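Next come two complexes, and both contain chain A; in the first it sits with chain B, in the second with chain C.
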Partner chain A sequence: MAKKAIEVSNLTFTYPDEEAPVLKDVNFSVNHGEILGIIGPTGAGKSTLAMCVNGLVPQVINGEMEGTVRVNGEDVSESNVAKMSEQVGFVFQEPENQLSQMTIEEEIAFGMGNLGVPRDEMLIRIKDALEQVGLVGFEKRSPLALSGGQQQRLAIASVLAMRPTIMIMDEPTSMLDPKGKNEVYDVLKNLKEYGMTGIIIDHEVERIAAYCDKVLVLSEGEIRMFAPSEEVFTNVEMLHDLTLHAPQVTEFLARYNQQFGQKLKLSTTVEESIEVFESAYK
Partner chain B sequence: MNSLYMPKDSLIHSLDPRTKMIFVIFVVISSFILNDPALQLLLLVALFPLVLLAKVVKPYLVSIQFLLLFAVLIMTVHGIYNPIGVTPVFEIFGGLTFKYESMVYASVMSFRILVIGTAAVLFVMTTHPSDMASALVKWKVPHSFAFILLSTFQIIPIIAREAKIVMEAQQARCLDVKGSIIQRVKNLVPMFAPLFIITFMKVHQLSYVLECRAFSRKGTKTSLRETRIGSLDYSFLIGMLAILAFEIYVKLFAMGSLHLTTDALLTYSLIGTWIVFGFMIVKFLYKQLQGKIGGAN
Partner chain C sequence: MEPYISVKNVSHVYPGGVTAIKDINLDIHEGEIVAILGSNGSGKTTLVKHFNGLLKPTTGEVKIGDLNTRKERISKLSSHVGYVFQNPNHQTFLPSVRQELAYGCKNLKMSEEETDTRVQRAIELFQLHDRLDDNPFDLNSSQRKEVAMASIMAVSPKVIVLDEPTTGQDHKGCKRVLELVKMFKEEGHIVVLITHDMHLIGELNCRTVVMNQSEKIADDHASVVFSDKNIMAEAGLQPPQITHFANEISHFDPNRTYLTVESILEWMEANQEEDVKVGTRS
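Here is the complex of A and B:
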C-alpha cells in the first residue's frame, strides 16, 4: 500500500458560536502500522482532531471545516461516519457511555450486526476480540457488572470486532486506575503486532513514549512538534513551554545536565537512562 | 439483568418471541370476546398450566399480587356502588349490598386485568429483551425503535446510579434530605435538574458511539441472537387459532344457552379474592414485624 493510512492537510476547524478556530492549519500523516500519540494541554483540540479522522467532525458535530482528511486515500468528507466505521474504529473516554447492550457478546456483536456480518462469522470474531483484550469467559455477563478497565477493554473489543484498519482512542485511560491503564496499553501493543494503525490521545507521557512510534504535540490548535517519540520527549524545554512534561527519567537526566553542565544523552526508557547515567560516572 | 426475564429451560422459553407476542394479542382478544365472568375465570385457569410449563410459578405469583390488589378494589367498590346493579345478592354489615349486575361488571373487568396481566407477565418472563428486539426487527419494525426499547433496560440502572451520585453530591453541599415533606419536594429541583443534564449528556455521547459503530448504516443488519419459527411455534399458533374459532362460536351461538355465571360463582370469586388479599396483608404485616424484631437485635 503506497498510500498513507491517514493524511491530514491544511485542516482548520471552527466550532459554531466561536471566533477562534480550534484547529489551525494542521498537517500530518501516519503510515500504515504506525502508532501515533497525540499529547497537548487540555483544550488544545486533540479530541476534535481525532474526530476529524473518522468524520464525526464535521458531519455529526457541526462546525466550519477547511482542508482535507484522507483515510487510506479516501476523502473523509465524501463519505459518512457509518461508512467510515468499517475502516476507522473509535474508542471514547468514558467506558460506561459506550455500552448499550445486555450482555458482553451482544455488545461486541452490535457493531458487526450493523455492518451485516453473518452470524457464524460473528461468533468467530467475538471469540477473537475477547482473546485480544483478555476478556474470555465473560460472554454472558452484563457490561455494567464489569470494572472500568474491563469496560474500556470491552469497548475496544467491540471496535476490534468490526475489523477496522485504523484505531483511534481518545483518552481511553483517563478514567481508569493504573492497572486499568496497563490493561488498555497492553491491548494497544497487541494491535501493533496485528499491523493496525493507531492514534492514541493521552496524558500519560511515560506510556506514550514507550508504545508510540510518533508523537504529535498540539497546543491551541497548532502542531508544535511532530516527530518520532524519542525526538519529541528529549526536547524537554519545548515541552515545558507548553506546560507539558517528558517522562520522569528524561526529566531527571535533563535536570542533571542543566545543574552540572553535563551533556548526557537524554533517554525515555528507564533501562537506557540507567546505562547513560552509570557511564557518566565511570 | 434488569428486566423481569427469567432464564429457564422450558418449552415456553424456546418459543419464538413473535409467537409469544401473538399469544399476548390472542389473550387480549379472547378476554374481550368472552364477556362473561365464568368463561374468563376458565381462561385464567387455563393459562396457569402455561405458567407451570414455563417454570416461573413463584415469580409469577409475586408479580400478579399487585394486579390482584386492583381486582379486590374493583370487585368490592363496583360490586357495592355501581349504579347498574338492581338485583341484590348478599348484604354485608351497614346495609351495603352487593348487586348481581354490578358484580358481573366488576368481575369481568377484574378478571380481564388478571388474564391480560398473566399473559403479559408470561411473555416478559420467558422472553429475553434482545430476542424481543430482534424479533421486532424481523417484523419490519424500524431498527432504531427496537434499539430504544432495548436501551431502556440499560439506561435505567445507569440513571439510578447517577441519581445516587447527584444526591450525595448535593447532600455534601448541605441539601437537607431529611426535612419536612414540603422541604423534600422543594429539593427535587436540585436533584433532578443535574440528573436530567447528566442523562442528556450521556445519551448524546452514546449517539456518537452508535454512529461510530455504524448504527445509521443502510443495508441489511444481522443479529447475534437467532430467532426461528419452528414446528413448535406452528403447533402453538394453530392451537391458538382453533381456540379463537371456538370462542367466536361460543360467543355467537351458544351464549344464550350457557348460564355458567351464578350468584354463587360471583360470591365465591369475590370472597376468594378477599381471602387471598387477606393472606397478602398478613404476610406483609408478618414481614414488617420480622423486620422490626430483626432491627431490635
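Here is the complex of A and C:
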C-alpha cells in the first residue's frame, strides 16, 4: 500500500477563459484513515480541489492543470474517471441529483452494476452499505420517500457499495436539518472504522472541528492553513483575517481572554470548553 | 392592533391525502421578524406558501391585510408578500442584474417611472452599482442570492419571506444575510424566515415558531423556545453551540438563555463587580 492515501504536489489549475488560476501551487497529503475537512470562503477553489482528486478535473471539467495528484500512489492523470470511481467516491450537495432508481436496493446496485460487480457480491455489499449508513430495513422503499438526511445517507451508501478507499463529500449537509446533518457526520466518522479516508467540504465549522482530524483552509486558491483541527480552529485571528470563524465556544474563549485579560486554553469542543471555563472559576 | 397576517385554523391536505399542516393558528403583526423552524418535511414551506396564495387552505382561512387569500389572485397577493427561494437560480433568469431588478415591478404593471425609482432604491440599499450589467449567473451564490433579495426589495411587498437564506453561504455571506434581515425590518417590512440556521436565529433573537409533524408546537421568543428542552428534542433541534455551552456554566445566570457570544460577554461585563474573582489569577 502506498504511504499516503492522497498526495497533491504543486497543483495549479486554471479554468478555460480565466486568467487567474483557481488553485495556486497547492501541496498537501492525507494519510490512510484520516478525515480531512476543507473550509474556505465561497470561490476559494474548494470544490475544484476535491474534483482534482478523482480526476473529474481536468478530465471531464476541462482546464489547464500543472502538478500531480496521486491517489494510493497512482497518478490520477494516468487513470480515467471511471477507473478512479473504484477508488474515490464522491457525494454532492443535493442527494436528489444523485438518485435515479425505483427502490433503495436498486439505487445501491446501480453504481456496482456499472463496475460489473457480480450479483452475489452485490447482495453482500448492499447489506454492508445499508448497515454502514443505518438504513437496514429500507431496501424496498423508494428513494423519494426518504427524508433529506436519509437520502443523503443513501447517496453515501451507493458510493460505499463501490468499495472506494476514499470518500469525498462536497457540502453534503447544507440542505439538511440538524438531525440530518448529524446523521451524515456520524457516517463520516464511521468511515474510519472501515479503514477509509474521508474529505469533507463544509461551512459548518463546529461539526468540522468535532469530526475531522485535520483541516485545510483554502482562500483564493491557496492553502492558508493545513494542520490538526485543534490547531486551525484555535488560530482565531488568522481565521478572521480570511473572513472565516471558529466554533462559537472557541470564539467565546478567545474574546473572554482578550476582554478580561485571561489566558484560558482555547478549546474547539463544547465539552472541553465547559471544563476549561468551569475550572477557571474555582 | 390587527395582525397583518392572520392564519386561522388552517389545514392543508395535498392531493393524495397527505395532511401537510394541521389546524394552524398564527398572527403576525407589523414590524415582526418571525423564524419558522422544524425538520425537513414538518410543514414549514407548506405553511408559508399560504401567505402569498401559492396554496389555498383546505380548511380555515388566511388573511393578508384585508385580503382573504382564498378569493385573491396570486398576482395581487404577490405585491403584498414577496418570496425569496432557497435556490436563487429558481428566480433569476434574465441576462443582467438591472433587468432582474426591474422584472418584478414590470410584472405588476408599474409605470416605467415608478419602476425606475424602485429599482434605483434597491440598487442603493444593496449597493449594486458596479454589478448592474453583470449576468446574474456569473455571480457567486452569495451575490446571486443578494440579487434575488434586491429584486424583491424593488417590488417592496409588506411581507418578505426568506426560505433558507443562509444555506450554502460562507461566514461572510451569513453575516450579510443577518444585516439584510435587519435592514428589511428597518425599512418597515415583516420578515418571515424559514431556516435550520440556529446561529442566525440566535443573532436575530426573534420570535420563533416551531413546526413538527404538520403541527405548530411552539411559538415564542427564541430564548424561551431554545431553553425548552422538550420542544427542542421533539422537533429534533439543537440550540446554537454557545447556548449549549452557557447552559452548563454554573456561574452564569440560570434564568437567562444566552443566544450569542456577545450576550455572554455583555452580561459578564455588566456583572464584573462581583465577578472579578472569576478566573482570578491566584
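The rule is simple: the second predicted complex is superposed on the first by the 280 of 282 C-alpha atoms of A that agree within 3 Å, B and C clash if a C-alpha of one lies under 4 Å from a C-alpha of the other, contacts with A are read in each partner's own complex, and residues count from 1 in each chain.
The definition used in the following text is that a contact is a pair of C-beta atoms (placed from the backbone, for glycine too) under 8 Å apart; a residue touches a chain by one contact, two chains touch by 3 or more.
Since the structure is predicted, the reported quantities are computational estimates derived from the model, not experimental observations.
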Which of chain B and chain C A:Glu206 touches, first, second, both or neither: second
Partner chain(s) touched by A:Gly37 [first = chain B, second = chain C, both, neither]: neither
Contacts of A:Ala82 with chain B and chain C, given as first, second, both or neither: first
Chain B versus chain C as contact partner of A:Pro247, first or second or both or neither: second
Contacts of A:Pro172 with chain B and chain C, given as first, second, both or neither: neither
First, second, both or neither for A:Gln98, with chain B first and chain C second: first
Complex contacts: residues of chain A adjacent to chain C: 40-43, 93, 147-149, 171, 174-180, 203, 206, 243-245, 247-249, 251-252, 255-256, 259-260, 262, 264, 270, 273-274, 277-278, 280-281
List of chain A residues in touch with chain B within their complex: 54, 56, 60-61, 80-83, 85-86, 89-90, 92, 94, 96-103, 105-106, 109-119, 122-123, 126, 142, 144, 158-159, 162
Interface residues, chain C side, partner chain A - complex: 38-41, 140-142, 167-174, 196, 198-199, 236-238, 240-242, 244-245, 248-251, 261, 264-265, 268-269, 278-279, 281
Residues on chain B engaged by chain A in the complex (per definition of touch): 1, 128-130, 147, 150-151, 153-154, 157-158, 202, 205-226
